[in-house]
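Each structure below appears as structure tokens.
The following pair of complexes shares a single chain, chain A, combined with chain B in the former and chain C in the latter.
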Partner chain A sequence: MRQTVLKLLAPTTGTASLVAHLAAALLVCALLLFALHRLLGPRGRRWLIAAVTFAGGLFYGLEYFLPAHGKPEKNFLTPWIEPVSVALTVVFAFTVGLGIYSLCQVHGRNVGRRRPGWHNSLAFFAAMVAMFVSGLWEHHLRLPEPLPAVVPWPKGVYEVLFNGLYGPLQAATFSLLAFYIASAAYRAFRIRSAEAGLMMAAAFIVMLGQVPFGRWLTSWLPAAGPLGSLRLEVLGDYVLTWLNTPAQRAIAFGVAVGALAMSLRLWLSLERGTFFSEQS
Partner chain B sequence: MGSLEHANWFMTALFCTMSGIIVGSVLLAQRGREMFIRRIPGLSAIEEAVGRATEMGKPIFFSTGLWGIDVVTLQALAILSYIVKLAARHATRIIVGTADSTLYPVAQESVREAYEAAGAPEAFRAEDVRFVSGDQFPYALGAVGIMARERTATNFLFGAFFAEALILTENGRALGALQVAGCPDPVQIPFFIATCDYVVIGDEYYAASAYLTREPTVTGSIVGQDIAKALLMAIVLAGIGLATYFGGQHMDHSWLFRHLGTGR
Partner chain C sequence: MAQAPATGSWDYLQRMPRYVIYLLLAGVVLWQLLAPIRFPIVPSSTTRDVYKAIRAAPENKLIIISVDWDASTQAETGPQTAAVIRACFESGKRFALMNWTAPMGAKLANDIARPIAEQYHAEYGRDWCNWGFKSGGANVLMAMVKNIPETMGNDVRGKRVTSLPMMKGVRDIKDIGLVVEVTGLAGVTETWIGLVQGPYQTPLTAAYTAVMAPGYYAYTDSGQLKGMLVGVKGAAEMEVLERKPGLGSAIMSAQSWGHILILALIILGNTGYLLARGRARRERA
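Now for the complex of A and B:
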């Protein structure tokens, strides 16, 4: 059975075969969805979601916890991991279309109703079409590596849009963080309570311990012996390693157990009260 | 220690024990056992934050973070669901920004169901649940754009956040919004504490749905979670004792460590 599934999921060669596979897959999916919508009411749909969630959790859970042997370690469920992951990727790929639909819906209404800033939405459509066309065209060209001295214009357009515009814009946004960190730190370090005072003191020690000036300030203390522990770089390291790390690990422990509890609630559909407005 | 692509016996035993404790607590709660949850200021502030938006007549913005469908974002959706019900009762508009196309339809469905549960299905506007962008910084800028254009009075940030968090919260603060954030990542929490009015820290994040809904099932699991944490603390203390007894560097060769690490 696994071989049949793998054969179905394997990449196809040739345009006709690809189109036939796509058409068949879309038809089967559409029929399945139509049948589910027609046959199942809201209650039936909830049961279906609960059943699929339970089966999915059981599959991954058993694969992880059942004894595995050999190199690499495998149990009888391990070979199914890849086909299941491929199937999930296909399902996720469908949602990209929904994302694009959402963007077009919001920006289309902005343009259609001439809302304030509608020209930004127009720029969105222009950018999306330009990237879509140039990206597909550039991919279709299949240019050799290294690139020829004169590249075809679709490749040039793609390079300008992606590497020349999108990349630098992302970098510029990232660089803004330096200023935001400074302004956030300024507010956080104002001593308005005992806790804020402690945080300021800890931050002062750690920051000075990281920079040459801080090291220079206490360089007159002997490196060895009890007084060496008072050097700023040693104190800073102490705060980070012995005070900060245990606190972070304690939070991480709590988060991990919390995630386990949440996962169990979802797996057993006990969380339905939250998502479906009624206690299960 | 060997690879943990598959669990060893100790992990399996620990997982089964902790799961048993959590499920047992859920069953006890479902049978009517009273369970207490301490006050969590970050979650208590949600009503105040929604009330502020209502009084100002301005919308609320909710960010689900960067990740797609996983435990962190599903918990964010649980919190979103509660906030939507609260906002629907006060006829306050809520705008949701997602950064993952797989999460977008789930979030939309969650919001629609929450409006229906609050008895205000007509208040649901599909365009208010938006896929902003799949990339980190375009998402941050898109979300800040929503905050600025819609003049949101309250911003909720629940989910998985990274470097973009400061861009969101610093701009939100500059726009005068009250901000409540929650994130299970210990690295990200300090940034939220520095920039937000209220922050839900660590495992409080996963206690949110129990705290807000007070449903026995979820409340029971939170109590079970605390008992499981006590068990982990006992194991940590035992580990400290054993490490002290064996003298640290000899731990790798000890019988216990061999069996915990690679034994099956």
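Now for the complex of A and C:
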């Protein structure tokens, strides 16, 4: 059975086979969704989602906790890890499709009704179509690496859009943070209280300890001995490892306990969220 | 939001317009990129540990470099990735690039790895490979620890990973000697620790953006992480250990002077604040 499932989920090669697989998958999914939609009421859907969620969590939990034997070590659930992961990847792909559909719906409405800022929505469609077409085309070309001296124009278009536009835009957006942080640090760091003074002292030590300039500032102090512990890089290291680490660990413990509780609630479908609250 | 106009010189010190700060920072960074004033870079203990972990990885096992970053953090994670790749080639360790969170990382890291491989006369498929981006989040790691070839399927060049000579004998996580996680995303390391390092004792080391690194000292302290590279500083320190100054070292002087400028601005702001407060007190008296 596992082999049949794996065969069904295995990547296919060849255009005709791919198209046939896609059409068949779409048809089966559409029929399945239609049938579920018609046959199950809100209560039934809720139970179905809860059952699938519980089974999924139980599968991974049991596979992880049940004793494993042999070489490579495995229990009776281990061989199913791979097909289940592939199936999950397919579900993830559906969520991407759902996201795209939702975006198109929102931006399509903006353009159709000429809402304020509709031209931004139009830019979204232009960017999405351009990246989608050039990305698929480039992938279809299957160019060898290293690339030939002269590349086909679809590859050129893709490189301009991805490396020349998308990458730099993303980098530029993130780079702006440096300016905001500089401005925010200048405005927010005021010694209004003893605590603020303490925080500033720690910030100064860590900032200077992290750059070669700070190290150079106190390089005249001997590296060993009591005076050596006053060197900025040593003080910075002290703040990060002795003061920061216990605090971070405490936060991590808190987050982990919270995550465990939340995971349990999700697994047992106690966390209803928007979908179920709308249903009821 | 409009800023209140500065009424006196003390007020100006604490209410300097934003554009002045932006221009000063841009000027300092540009100046240092064009005519750097360099200070000696001394590798920290966390960087030394990363370098040691790469060199200590068993010859007969693969190193995984998980490049979970994209263009937004490339200024830091790019030089870090280059430094880690160089350390692998230098010590003759075979490595595979992979990516399971930010899809762009597989391509950007590939662009970094290719020219470095040429410098070391390393061959794709024999000395290094790129498994590419694998969708599925943590499921990728869960499946990978049990069966690497089936989970990875094809590499970025569309070849089955099993067809690559370096993948001969690589079956599961036991055939991995070290995982190097290069990321600008929070939560990625925790997944590696929970699913790989903890249950299978696979050595794990990491490279983070400077802003997220303080959250991970707890893991180096516990020994779950064999060292870490902190921001571009970590990359520069690796370059010092490799005796090959590169992009990390070049960026370091700009970062150093950027820090100095920010500290100077904070001091100026506080000087203005304290003097203005003193004057207000005197006027009240």
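Keep in mind that, in the parts below, the second predicted complex is superposed on the first by the 229 of 280 C-alpha atoms of A that agree within 3 Å, B and C clash if a C-alpha of one lies under 4 Å from a C-alpha of the other, contacts with A are read in each partner's own complex, and residues count from 1 in each chain.
Methods note: a residue touches a chain if its C-beta (ideal position, glycine included) is under 8 Å from a C-beta of that chain, and two chains touch if they have at least 3 such contacts.
Because the structure is a prediction, the values reported are computed rather than measured.
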Handout entry: Partner chain(s) touched by A:82 [first = chain B, second = chain C, both, neither]
Key = second
Practice task
Please work out whether A:48 is in contact with chain B alone, chain C alone, both, or neither, and reply first, second, both or neither.
Solution key: neither
Exercise for the section: Considering only touches as defined above, state whether A:248 meets chain B (first), chain C (second), both or neither. Expected result: both
Practice task
Could you look at A:185 and tell me whether it touches chain B, chain C, both or neither (first, second, both, neither)?
Solution key: both
Exercise for the section: Name the contact category of A:173: first (chain B only), second (chain C only), both, or neither. Expected result: both
Practice task
Look at A:266 in the shared chain and tell me whether it touches chain B only, chain C only, both, or neither; answer first, second, both or neither.
Solution key: first
Problem - Partner chain in contact with A:23 - chain B first, chain C second, else both or neither - result: neither
Problem - Partner chain in contact with A:72 - chain B first, chain C second, else both or neither - result: both
Practice task
Could you say whether A:129 touches chain B, chain C, both of them, or neither, answering first, second, both or neither?
Solution key: neither
Completion exercise
On chain A, the footprints of chain B and chain C overlap at residues 64, 72, 92, 169-170, 173-174, 181, 183, 185, 187, 248, 252
Problem - Residues of chain B defined as touching chain A within the complex - result: 3, 5-7, 11-12, 15, 18-19, 22-23, 26, 68, 71-72, 74-75, 77-78, 81-82, 101-102, 104-105, 110, 113-114, 116-117, 126-127, 129-131, 134-135, 137-138, 140-141, 149, 163, 166-167, 169-170, 184-187, 189, 191, 193-195, 201-203, 205-207, 209, 213, 215-218, 221-222, 224-225, 228-229, 232, 236, 264
Completion exercise
Residue positions on chain A within touch of chain B in the complex are 63-68, 72-73, 75, 92, 95-96, 98-100, 102-103, 105-106, 109, 116-117, 169-170, 173-174, 176-177, 180-181, 183-185, 187-188, 248, 251-255, 257-266, 268, 270-271, 273-277, 279-280
Fill in the blank from the handout: Interface with chain A, chain C side, in the complex: residues 14, 16, 18, 21-22, 25-26, 38-42, 44-45, 70-75, 104, 107-108, 114, 124, 134-137, 139-140, 142-143, 146-147, 150-151, 153-154, 157-158, 171-172, 174, 199, 210, 214-218, 221, 230-231, 233, 252-253, 255-263, 265-266, 268-270, 273-274
Practice task
Please name which positions on chain A make contact with chain C in the complex.
Solution key: 11, 60, 64, 72, 74, 78, 81-82, 84-86, 88-89, 92-93, 142, 144-146, 162, 166-171, 173-175, 178-179, 181-183, 185-187, 189-191, 200, 204, 207-208, 210-216, 219, 233, 237, 240-241, 244-245, 248-249, 252
